[in-house]
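I'd like to ask you about the structure that follows.
The first chain written gets the first letter, and so on, giving A, B and C; residue counts start at 1 in each chain.
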């Protein structure tokens, strides 16, 4: 058990390190750029006028002339030793670590709210659909899931804005801080994973209900209701739980687009803004944080899985 | 979730060579008994033909602007209206189908080819090769969704081939993982062992025995992945990364049109519906194939 | 038993994760330099305080164009300190871009490289201390040290205190437009107490009509209150709560729903609709910026003046202004905007004539010989790579429309839209034919500035590598002319010259929209500001 945990944690750290090298090397290979990005943000109106003189000075100021491996080591040791993710090329007054710490909470709030919607809608609807197989309700749910998976989330988000904000005037388009701000982005983000969870719960419920021990339990005279709640649901939820980590990853990735539509001040927005402004330290750090979150959640889910289903043994 | 224990697929009936034995007749029968699937096949056929011929059959040049006629509603001249520069939305949407399908097919093709070969090699040789490849797969799977493609595209700039490259790099790992699991399950079976003792070269064992016998689930994944890649492409170009504006693309049409959400929502609604219809068709195809080929559901999850 | 062990593991895991996140937050709070100063509040607290302040009914809620990334007036923080009228420069400009005294009352060139600047008496910083030559020297030195581009702009060598109200600024080379450079908002005058004990910037202590109050790092909300001791006289506006709303649709929603009282650049296609709303009005102004195309003179076809003329003639500027910009802006008449004192008022809108354009291409040897709709010369089709940045909302659709206009006269135009960082890279590398750019034409309010940067051999914004010895000499001559009338006359002639040769191809003047509640009264737009500047003289009654 301890060995297993240690091994998992070891791999986790190695994967994060490898991901950070990959992100750092890829992004720092951008030709020119860096010094110019900084220079452009130090002077208003410099949209198209950075002199070489300025570039040289900025390059020296930010140690951009160092070889790539040295820059990486400096950056990594800063994170490990001091929690310092380096200096942004754009937010000149705010270190990347501050930007990340400000952005991570909104992203977690959004992703977790969506996760709650996924669980609160996906599991009951999936169970309902399985128990009432082929009923009109089941058909509606099945059609809805197939269709909703096909719509891109950014389009759904825009339609939600069109209907609930622009036309009905019920909810705000952008903003952060109140529950009303959360409704539209969380809904748009939750759409795909909810549909997937409904389908998985349904399939796995149907599989479980078809198992021999259920037939046996019915033969024993247990009520159907009793069987569903005591046996089928518990067993049907196992595949859902194992996949929760994957869905959380999808949600994290989904926030990248959704946060940009709703101007949600999270990691996804920080990342995309960084990509557009060539703010390489911010982009690299955002990627590392997203990967770390994703891996941590997956590790947590794996452990949770073993709690739910003690039959699984650790190698 | 990418640990060995869960990565090994459970194949219904337990025989891995089952797919090859399954007669063509049974598959044809299965298809015959599914009118929905037949309809989907027909519609997809129509879609592919239309997409291929789009530049020839559309009524207008998709890039021809007519500024005074911007943001017009549907009319006999422009059946789906015009966009924010007065371009014909019907023509643009049809031509965009070509862009999306080219990207999706190329990406899935590359990811499929790379994933199959790499996964197969890892599982066949085992040991240090397998360990390295598996860690590499884990590494790429650690980047959720489009994150990796997004950063890469921001760097290498717009273009169809760049988009294909960025998406392939984020997609190949799931193919490799599935293939590796499939091959692991069959590589110690009798006929593979006997081929090995008979002295067949590795290349032939891989190409003749392993790949054909383990490929079906990967093929189903590939079909389902087409829809996934179309969604990812449109998401990236919606953000303004990926496709240069001279090439009509659904995601960038929505992205450019979002400014007109209130005054001219057709700019957004039309391409969005187009994406949904095409993705829906490919999803139905993939799921139909999965049932017909009897690949276990646990193996291939919808995106 | 097993389950319990596992639960414990899970708890430990969650704890570690929690510490990781918390640790991240804490370390960063300590690592911060600027935004973590005492005045900065973290988290949602400002929501409450903003609401409480708004209760007085006179704080103006301003939906800014850009996210507030910082507020150090010597770097990009000037975006906000200038707009919020917290900091001011020595010299100001009137609406025709002529210099007027501000914190400086007069200035004169005492030798080719030295300038003597007299300061206004009785100006007090927000901390109550008087503004003297010491603070001016401190500010200019800091501005140049922190941001080398500022030094380049002024050609700054040093600043010497002569007496408490006089400074002498020395330039490296003779710089006839130093006063114009001092107008630039980065050359703001701040008190040294703006820095903390470690020399890090903590908050802007300026001389402006508004005093910095607080900044909420979570929502990036910047709050200012009125300066009761403003040197310019009583301030009618109580204060402002400013937050950046970078998306134009969201700004429109915010003004429509009353979430803000004042905002800028709503989507152009919604200007009419928003103006028609009760209690809200929209005003459109020209700002010193033109949409223009930079021409790459290293490309053979573009070296032919007839090809450049054909390109310009293919563009219907009236349609672009009406249907792409929805009337926000105006068709370009020259390289300057009509409001500028040195604009050549005889210039007419650049003509649209596709027939003549085709004829010019034919005259230059480009004919469609294979019937594909694209003209060729010596068997090679005429291909134009048109690069555009995406940041300004008018640019991408304009680039697409122009690309199509060029195709209509037989030029195979390929339009590429990218982030401005990438498009600048392309300009530097020279891998383009035309670049669409929303160029600022009054960073320094003097005609010589862009004339020199854009058109002189080696000018650092002369990306197209245009070189013409005659023009160089004419610009040099005009630049050194001190008599204003004569100087403007020379620049009028130069404007005609560069337009005739189409060294760059102007498309449209850049428009800025101000959407505000009807209860905001007396707002005066400052066209010389960057985007816009709030006006201390306006009133807001809630």
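Basically, contacts are C-beta pairs under 8 Å (C-beta built on N, C-alpha and C of every residue); 3 or more make two chains touch, one makes a residue touch a chain.
Since the structure is predicted, the reported quantities are computational estimates derived from the model, not experimental observations.
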{"item": "Core chain by centroid distance, with centroids computed from Cα atoms only", "value": "A"}
{"item": "Farthest chain relative to chain C (centres taken as mean CA coordinates)", "value": "B"}
{"item": "Cα-centroid distance, chain B relative to chain C, in whole angstrom", "value": "44"}
{"item": "Geometric centre distance via CA averages, chain B-chain A, whole Å", "value": "21"}
{"item": "Intercentroid distance (Cα basis), chain C paired with chain A, Å", "value": "36"}
{"item": "Multi-partner residues of chain B (each touching 2 or more other chains)", "value": "154, 240, 258, 261-262"}
{"item": "Where chain C touches two or more other chains, by residue", "value": "249, 390, 419, 422"}
{"item": "Chain A, residues touching no fewer than two other chains", "value": "166, 275-276, 278"}
{"item": "Partner chain A, residues of chain C touching it in the complex", "value": "2-3, 5-7, 9-10, 13-14, 17, 20-21, 23-29, 31-36, 42, 44, 47, 69-72, 75-79, 82, 146-150, 152-153, 185-186, 201, 217-220, 245-247, 249-250, 253-254, 257, 259, 389-391, 419-422, 424-425, 427-429, 437-440, 443, 453, 460-461, 463, 530"}
{"item": "Residues of chain A defined as touching chain C within the complex", "value": "1, 5, 31-33, 36-37, 39-54, 57-58, 82-84, 90-95, 97-98, 100-102, 104, 165-166, 169, 172-177, 263, 265, 275-278, 296, 299-300, 303-304, 306-307, 310"}
{"item": "Touching residues on chain B, where the partner in the complex is chain C", "value": "63-65, 67-68, 70-71, 84-86, 154, 157-158, 240, 244-246, 256, 258-264"}
{"item": "Of all residues in chain C, those that touch chain B in their complex", "value": "248-249, 267, 269-270, 273, 316, 319-320, 322-324, 390, 393, 396-397, 399-401, 403-405, 407, 414-419, 422"}
{"item": "Touching residues (chain side chain A, partner chain B) in the complex", "value": "11, 14-16, 18-19, 22-23, 26-27, 29-30, 146-147, 149-155, 158-159, 161-162, 166, 196, 199-200, 203, 239, 242-243, 245-246, 249-250, 252-254, 256-257, 260-261, 271-272, 275-276, 278, 283, 287, 290-291, 294-295, 298, 301-302, 312, 315"}
